[in-house]
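In the two assemblies presented below, chain A is common to both, partnered first by chain B and then by chain C.
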Partner chain A sequence: MKFTIARNTFIKKLNAVQRAISSKTTIPILTGLKIEAEEDRLILTGSNTDISIETTISTNDEEAHLNIESTGAVVLTARFFGDIVKKLPDNTMLLEVKDGFQTTITSGASEFKINGLDANNFPHLPEVDSQTTITLKADVFSEMINETVIAVSNQESRPILTGIHFTIEGNKLSAVATDSHRLSQRVINLPEPIKMPEDIIIPGKSLLELSRMLDDEIDTITLQISENQALFTFDETLFYSRLLEGLYPDTSRLIPKESSTEMEFEAPELLASIERASLLSHAGRNNVVKLTINAANKQAIISGDSPEVGNVEEEVVTKDIVGEDLEISFNPDYLKDALRSFGHTSIKMAFTSALRPFTLVPTEDQENFIQLITPVRTF
Partner chain B sequence: MKFTIARNTFIKKLNAVQRAISSKTTIPILTGLKIEAEEDRLILTGSNTDISIETTISTNDEEAHLNIESTGAVVLTARFFGDIVKKLPDNTMLLEVKDGFQTTITSGASEFKINGLDANNFPHLPEVDSQTTITLKADVFSEMINETVIAVSNQESRPILTGIHFTIEGNKLSAVATDSHRLSQRVINLPEPIKMPEDIIIPGKSLLELSRMLDDEIDTITLQISENQALFTFDETLFYSRLLEGLYPDTSRLIPKESSTEMEFEAPELLASIERASLLSHAGRNNVVKLTINAANKQAIISGDSPEVGNVEEEVVTKDIVGEDLEISFNPDYLKDALRSFGHTSIKMAFTSALRPFTLVPTEDQENFIQLITPVRTF
Partner chain C sequence: METEVLTPINIDDSRKIIHVDMDAFYASIEMRDNPKFKTQPLVVAHDPRLTGGHGVVTTANYIARQFGVHSAMPAMKALELCPEAIFKDPDFTKYRAVSEQIHQIFHEYTDKIEPVAFDEAYLDVSEDKKGLGDAVLIAHEIQKVIFNETQLTCSTGISYNKFLAKMASEYSKPVGVAIIEKDDVAEFLKNIPIERFRGVGKKTVPKMHELGVFQGADLIKMSENDLIHYFGKFGYTLFRWVRGQDDRPVEYLRERKSIGKEETYGKLLTTEMEVEERLRVIAKNLLRAVLKRQKHGKTIVLKLRYGDFETLTKRITLDEFFQNDVETYYFYAKQILDEIADISRGIRLLGITLTNLTDQNFQEVSLPLFKHSE
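For the complex of A and B:
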């Protein structure tokens, strides 16, 4: 194998594939990057137990200036090889694999010789043989991931909750995540109704890596599903994620249909108040903040305290308050995550009682995005 | 005590004093910030076992909008108080100390009540009663610190080497640091000759904190020395550092007077080569890079290798090479630190033999700045 390529294009593709490569793995070859040169293209592959990424650079790509002199394949330690490529002196680099997978990387006056591994020992990527292809707007899907992934569980005790649950009904794609203390649900419209064989659960971590790859240059991505894999395709790149197996809990009945108190406000206003209150709740043993609503006075007060350090109290700037008076306590970090996911929007918060979960929805488009938080019992 | 102040001015001063405050200390009151309100000024003080910083905000400072309603003093947990002040909603804050050092901080709709401590228990700052005051250009002194502190030892086994050694001869102030593997020496000219009672050794860490405080707005700083303290004064701020006790080794005889091989180059050129070579030396067990000089061909080759990973070799772009052929090995990290301290300058590197220390000086101004590195024996 022997080829020359423009270093900046190569680095961009390398960075993408490195998302799938862990330097801490018990399978040594998986710390490696697989490089394959075919007649008219270069294929880079990285893989771990959760995700695999394969990306292609074509000889037709004008910016890449790819010139393949001879075909072949090799596996190189990914982190180390990446560091070398990034520090090379010249715009162009030459990579050549010789006997025993000895690999020479040349650029300007600099010549590296590093030990490679046999690419035949690199695991094969899963085969995704699906009839159904779902086409998604990259920015909308990325937003959907970021809005729901905050509620994914970090605890491996219930693995199913470490994923985001996707279902399709007609032309509505719905994503739900819950760690059993809070829940986030987002619905987006697909261009046309699709019949998905069954619902799927994709690990939150896989989706977070995927969303980081979806930059402004990528317009649409497609999703195909096989028995235990999801395959996202975009921009000459294949992104595989394993699916979580098992039954996702029925979350639809968790969301209250009615409310006794409602409060409307701008998300950044409440976020700033909660951030201040959590300075004190974090200092104490119980990370709890209290919201006291006086409906008649249209007054909402956030307070936090820590016996060792002190306390804080402040009135929140609200747009409207209706319903009954209420005193409710909750983990401020859950509310911070939820409010951040809304951005600069007007929010409606709805409560039923001090012990029942409360919800947040954007004042506009209330149907398609809902965050739910379970309060903390303090008495 | 009760005062109002513009929050941005207060935060700036708070950040400065926090440099002296550690959250991990066995003396609880030293995790605190002392705030003193006098008739016409506010004094903030922080202290640890190495450095103390005291800074003043005057009621005459127009940007501060300081209004002192009643005098007094309190000590507040520095990190916690800092976090609160930074997150307050309004441009102005009111601080009031009540019975039992209960402190109320009010800003906009937000009110914090935190527990304070008696300022009488805060340690007194050292008294520096010196006849001699040395005036220094802030930018030049800051540069001097950063150029020499790289060679300061991190090992507490020889505490004296964790400091920078300052001596004055006539109008020349000299700073030297060495960890016994390398040495950095910088000389600056003072406006007039000064008689300093004796040489002093200031901890490198103290000077690094000081240099971080010397921003572009500060033109000159003064230095006064007492038996065991150095006091730097600038911009309404007093910065105290303890001195290291003991005899600093005689470093003047370490610097070779003659050389057998000399090489001239641009610092960034060699730095880039060394960074590449150290990618491989870091992967191996011995962190060593080799420089091979062929004087007749005016050729210098940098190489690094790691048996497990591979090797690298490259010819360095030099401006001139004179003298004898040489093969010398060294720790690339020492050379990287040295080259970075020079910035974008032409450098002269001088060698006597493969086992003797070599030196680097800027081609211009060779007298006042020298870096010395001890090679590694590899045979």
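For the complex of A and C:
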């Protein structure tokens, strides 16, 4: 194998694939990056047990200046190789694999010889032979991931809750995540309806990596689903993720239908108040703040008491308060995450009682996006 | 050399503190219960000839100490130093019971008791319950009552702070009473070797010697700046201690730091199924103990001992509190076990400890996601 390529194009692709490569893996060859040269293209592949990423650079890509002199394949230790490529002196680099997978990397006056591995020992990527292809707007899907992934559980004791649950029916795609203390649900419309309904759970960590790859230049992505894999395709990149097995709990019944107290405010206003209150709750032992609503006076007060450090109290700027008086305590971090996911918008918060979950929805779009938070019982 | 004081030294000698240290506690209990040990070198440790050389000395009696045996030494080393020594397996259940008995005696004088170990405690007797008003008198009485009730001897040190009280009890060992008053401090510490200062261990000693610090008299010549430079926060502390300042209170309300449950098996566990079953039982017992004390914790520790007494522990710490339920404890304990254990070697002991504890004065409400589970 022998080729030359423009280093900046190569680095961009390398960075993408490296998202799937971990230096801590039980399978040694997976610490490596697979490079494959075909007649008219270069394929880079990285994989861990959860995700695999494959990306292609074509000889037709003008910026890449790719020139393949001979075909072949090799696996190179990713971190090491990545560091070398990023520090090479010239914009053009030449890579040549000789006998015994010894690989020479030449750029300007610099020449590296590193040991490679046989690409035949690299695992094959999963086969996804799905009939259904779902087309998604990249920016909307990325937003959907970021809005829901905050509620994914970090505790491995309930593996299924470490994923986002997607259900697709007709032209509606819904995403739900919950760690049992909060829940986040977002529904979007698909450009085209699909024939068969789908129901999958994708690990939150995979989706977070995916969303980081979806930059402004990417317009649409497609999703194909097989029995245990989801395959996202965009530009010249294939992104595979393992699916989580099992039955996701029925979350629709958890969202309260009615409320006894409602409060409206601008998300950034409440976020700022909560951030201030949590300065003390974080320093103290108990990460809890209290919201006291006086409906008659249209007054809402956030307070935090951490006996070891001190206490804080402030009145929240609200647009409206209706219903009954209420005193409710909760983990401020959950509310912070939820509020950040809304950005600059007007929010309606609805409560039923001090020990029941409360919800937040954008005032403009109350149907398609909801954040739910459970309160804290204080003794 | 002139010392440069960064922060003022303020000596408050208004407190009356007694440090009580039982003399060769475990060994003394064993000698009391089995008088034939009294005339022989006794080492409380698993016999290294039976454990394949594992284990450390918990205590040795004064006869064994004459051979150079001391606590925390590998049992194998003790055997080399004193081949005729008797090795006695430690019986912690018994030692704990005796320790509780002794604490009952302390409580007759004060409730401000800070236990350091089974055999060691600080007592703040600035105000004593019997109104004796004199720390020396109280120390003598405590020694006498402990001896009458348990036939065990102890050493006591009296001073106005914990550091000096402990120094005094070490000085008075065995069966003594020593008192250090404010004006005696410099004279007393002058000749104390640096390694006898609490907290000066294996790592610190060579560094001290390099700096020419061999005893109290050398330490007091060190500037505060230098001590902080070489030893960090501990240097700041040492600078004060050697001048007789130690404001640490006797922490009689000290929080429990951990709650643990463990089981020992006469017949070693050798199958995954047995281990899982026992681990679940331990998790259940642990949950009961945790709920009783209304705590929750962020760290779970698994302890495991093989048939040959090799003992492993490993911990997992989360940012959030572990849910107090059997499944959660079991899951994480099992996860550690899978990582570190070789069940085929035969398991003698299993334990799960919840630590990094806080009072559970709040509880996050959970969504009923899974039926039966919450």
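The rule is short, and it goes like this: the second predicted complex is superposed on the first by the 375 of 379 C-alpha atoms of A that agree within 3 Å, B and C clash if a C-alpha of one lies under 4 Å from a C-alpha of the other, contacts with A are read in each partner's own complex, and residues count from 1 in each chain.
Here is the rule we use: a contact is a pair of C-beta atoms (placed from the backbone, for glycine too) under 8 Å apart; a residue touches a chain by one contact, two chains touch by 3 or more.
Please read all numbers here as calculations on a predicted model, not as lab measurements.
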item: Chain B versus chain C as contact partner of A:157, first or second or both or neither; value: second
item: Touching partner for A:273 - first (chain B), second (chain C), both, neither; value: first
item: Chain B versus chain C as contact partner of A:249, first or second or both or neither; value: second
item: Partner chain(s) touched by A:131 [first = chain B, second = chain C, both, neither]; value: neither
item: First, second, both or neither for A:26, with chain B first and chain C second; value: neither
item: Touching partner for A:377 - first (chain B), second (chain C), both, neither; value: second
item: Intersection of the chain A residues that touch chain B with those that touch chain C; value: none
item: Footprint of chain A on chain B - complex, ascending; value: 77, 80, 83-84, 87-89, 102-103, 108-115, 272-273, 275-276, 279-280, 283, 308-317
item: Of chain A, residues touching chain C in the complex; value: 154-158, 161, 178, 180-181, 183, 249, 251, 254, 285-286, 288, 329, 331, 355-357, 374-379
item: Residues on chain C engaged by chain A in the complex (per definition of touch); value: 294, 318-320, 323, 327-328, 331-332, 335, 358-370
